[in-house]
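Take a look at the structure below.
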Amino acid sequence: MRLTIVERRVPASDHVELLLDASGLGRRPEPGQFLHVATGGTLRRPLSFSRVDDGRVGILFRVVGAGTAWLAGRAVGEDLDVMGPLGRGFPPPPPGPLALVGGGVGIPPLFFYAQCWPDASLAVLLGARDREALVMVDDFGARGLHPALCTDDGSFGRRGRVTDLLATWLSAHPHGSVMACGPAPMLHEVARLTTDAHCPAWLGFEQRMGCGVGACLACVVPGAPGAGRTWYRVCTDGPVFAREMLYGEAPP
Amino acid sequence: MIRDVDLTAHIGRIVLQNPVLAASGTFGFGPEYRAHVDMRRLGGIAVKGVAVDSWSGNPPPRVWETPSGLLNSIGLQNPGVRAFIRDDLPFLRELGTVLVVNVIGHTVDEYRRVSECLARESGIAALEVNISCPNIKEGGMQFGHDPDRAFEVVRAVVETAGRPVWVKLSPNTDRVLEVGQAAQSAGAAALTAINTLLGMAIDLDRRRPALGGGSGGLSGPAIRPVGVRVVYEVSRRIPLPVVGMGGIETARDALEYFMAGASAVMVGTATFGRPDAMTRVIDDLPEILRQYGFGSVAEAVGAAHPPAKGEADEH
Amino acid sequence: MIRDVDLTAHIGRIVLQNPVLAASGTFGFGPEYRAHVDMRRLGGIAVKGVAVDSWSGNPPPRVWETPSGLLNSIGLQNPGVRAFIRDDLPFLRELGTVLVVNVIGHTVDEYRRVSECLARESGIAALEVNISCPNIKEGGMQFGHDPDRAFEVVRAVVETAGRPVWVKLSPNTDRVLEVGQAAQSAGAAALTAINTLLGMAIDLDRRRPALGGGSGGLSGPAIRPVGVRVVYEVSRRIPLPVVGMGGIETARDALEYFMAGASAVMVGTATFGRPDAMTRVIDDLPEILRQYGFGSVAEAVGAAHPPAKGEADEH
Amino acid sequence: MRLTIVERRVPASDHVELLLDASGLGRRPEPGQFLHVATGGTLRRPLSFSRVDDGRVGILFRVVGAGTAWLAGRAVGEDLDVMGPLGRGFPPPPPGPLALVGGGVGIPPLFFYAQCWPDASLAVLLGARDREALVMVDDFGARGLHPALCTDDGSFGRRGRVTDLLATWLSAHPHGSVMACGPAPMLHEVARLTTDAHCPAWLGFEQRMGCGVGACLACVVPGAPGAGRTWYRVCTDGPVFAREMLYGEAPP
């Protein structure tokens, strides 16, 4: 499938957001789903949807290697070769308070979530290593949300981890739920905190992918420990998993 | 599109509507690519390696991109032959494409038992004995590097299969001809080549091998010259049909394998980048064959061999 | 450029000002790249394979480009050791760089005689015994696939060389460890790895193998994962320094080899594309080493090995 | 060495001529020498100089594969990564009548030759497979030369081979000399005809190259048969060879 780039933004250094004409897209994406994008190499690159606006879909990425560098070099008017929407996204907001917890490039799918549920009242907790990596804060603002922010180096918001913000929020919202996306160590900590607090949580994972459609068994993450332990595929069983699937009932 | 070019391929008594099959391990157990590929158009499908019991495979990361290539260390994760028969075979049978089941095991007996379980099932055209997977510690490649052990495994499968047995060769040995000959003596109906090259990448950040399994198997265009060489050698010296693979992305690449001696080809890694890679090869083949002066796939097979095919004029 | 990173490399008792050498066969017999490369900046130079008498090599075409790779079938054309000593050695000696002479032969005796002829000459740091060239019908690779024959050849050279002997390993065998161990038993001072992978391309227009010699040796980035794997395995199991090569283009690639266990690296094919490839690697190494937390090349050597280096924890 | 593209011409379909700012070039090229051009692949591509004008040098090539296709896609203002001038070119005009015999992409170095020797009176015999491949005819015209032309398919000039034109010319000019460049079969025929006619000839060869500087021994052509038979390297011993080096004294 080929989608045309209709807008190119540079939200921060080393970060690019491309907005694509979505008319070629078969289905409307759900937040947490991803596009598998050809970037000139052997494999495609999985990138979450960052937004849907006026018949356009967004992907927002950090330049970390050859594929994202190639993508960052594309111009408006060019086509991207993509597959998607792929994978399983975040569920609709459960009853009660809900926090979105995002780290770094895990933030874009959560903004898309907030966009999809315009009436939900959401707490938004965002963290990143530095000010530059704390993307989409303004977008949340325009949606009427005021994220709590922190950075590893204290260059923006509080100094510390987003999971510190979450711990505070959980103690204030004992019946809350959590949608989280970010690096694996952050998600492990979210799993631990929400298990301890007896709050449901859904976690959006990353893993190196081959096919993106469930055929190659490359993108696995381990399922919950125990007798029936298995691997789940991030591309088709995820990328979003209910916490129990990966961590069972005991804290990690 | 040119219509009067004959794409039929023959692998022994098996007739394929065209010479392009999905390579084992890159096309799942059948349904995964359903939404992305018109599977009825394929010449055939080789499903992922199936063992007698389920295997859990290797820890992630399981893939790593390299220049024009891909390292993988899936470790032959599979649900076991009974689950395969129950969950996947009905769908595959429905499809009506030529189905090849890739067989794996740790021991000769395990290979035999997979073959026995499958013997009762209809809708399977051939078994492909995988004695060349670099991603497991025991079984797999060790059989593919030793002609005597290869003979044993292939014999055990041939005795029980009740259908043609193909044997998949490892390029990681200097004895590929001897192993191929052993497979022939043991009753193989065809050879498939090549499986992946044993390789490794280092994750500089983590200061350790990038793949969870340590080393892995290298596939993709990077290895095409190795695949073409093995197919050329094997098809000249061993009187069995050869199914060629390794780095095929285009109809031109497929033609290179036909000329080297392959009667059909498989496409693996290219499907990850372009799910329509196989159907594009099929679509483009008539024109490419015509352009290089061939009226059929069969005419191109072995066209690059020296005139007196099979003569030992190189040694 | 970062200055306080120590680039010194040690291969046994040989000390290199930096760990980047020109790979044999890609840098001629010395003077050819003079106008394009500041040769005194290199860690060393391995000259093209030298035999006891002149060899004429294979018919052209002798090179063919493949995805991220290069096939060659030079066939070890060389003027013979006496002509080398007369015509090329004086220039190389003048340069003052660490000089490694690559030695080839059809028989054990031919290897020995090259070594004897060179024994009298000054200005040679080491001999590199090439038992891994895929481009000649006899000699070369056959020794590199058979531990007993490898032992004989290496022993013959070690007995006569009067200087450290390095042995260049073939990746085209499943017995690379056994061959490396045989080389060690025979007195080798270091191992170099890898030589090229046996490959082939078909010229579709001419309907025959593209290279005049039929098959050839595959080099370049395509083979880097194979080189890294061999270096990792060999350096973990055999207590000799390893000089790594295969597809190195950048300082990052070199670091991958160091972490895999190489004490120094060679650069071959990359020089064809960029004559300054080696000096760029040398220039960029301090920054790359620093970036990944190393204060010297030596610190990075084997950094990707599991903690208890040398333990057989993988089998 | 990096040279900037200052002009891009399309002399015929599938043919492109790039003019490069020559100020970075160390030496003035001789006709028959070549540039070794990086085109994105593992190896460089050897291309003859087609002209030198006003501080610019030209390369004129036919698009036959990935490297020349890449090169054809370059635009004015971009830099090319080149090595050169490399190799040995054609000698100065010997006394007596002189014919330039060019086939297909062997024509450009001969035009450069005509340009370098503006006062030499030259016969120019050009051949190609079809009209499109018969390049630089107008350039010769502007230099005051009127090439005799032929094409394999008769679509321009006479139908036939350029060596037919040469045979006629040789019979009219028994003391003539020849500079030839083109595909190997054409050069073999030139060697045969000029040997028979006892006329000196210099021949510009092509061969697949690795290094381009004499180090890899890839680009060889066989020297004259006989006891001392050897290989010559097209990149440094050639690309232009006196006929005797390759064919000895006997007709090939």
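Letters A, B, C and D mark the chains in the order given here, with residues in each chain numbered from 1 onward.
Please note the rule applied: a contact is a pair of C-beta atoms (placed from the backbone, for glycine too) under 8 Å apart; a residue touches a chain by one contact, two chains touch by 3 or more.
Bear in mind that the values here come from a model prediction, so they are computed numbers and not experimental data.
Within the contact network of the assembly, the step distance from chain B to chain D comes to 2. Annotation of chain C and chain D: not jointly contacted by any chain, touch as defined at the top.
Centre-to-centre, using mean CA coordinates, chain B is 33 Å away from chain C. Taking the mean of the C-alpha atoms as each chain's centre, chain A and chain B sit 37 Å apart. Chain A and chain D have Cα centroids lying 59 Å from one another. Rounded to a whole number, the gap between the C-alpha centres of chain A and chain C is 46 angstrom. Residue positions of chain C touching 2 or more other chains, listed in rising order: 66, 68-69, 220-221.
Counting partner chains per residue, chain D has no residue touching two or more of them. Under the stated contact rule, the graph of chain-to-chain touches is a line, running from one end chain to the other without closing. Chain pairs that touch one another: A-B, B-C, C-D. Across the complex, chain C meets chain B through its residues 66-69, 71, 137, 145, 172-175, 197-205, 207-209, 214-216, 218, 220-226, 228-229, 232-233, 247, 252, 255-256, 259-260, 292, 303-304, 306, 314-315. Interface residues of chain D facing chain C in the complex, by the touch rule stated above, are 38, 41-44, 81, 83, 207-221, 230-231, 236. Put simply, chain B touches chain A in their complex at residues 25-28, 32-33, 35-36, 48, 56-57, 60-66, 68-70, 72, 74, 77, 220-221, 269, 271-275.
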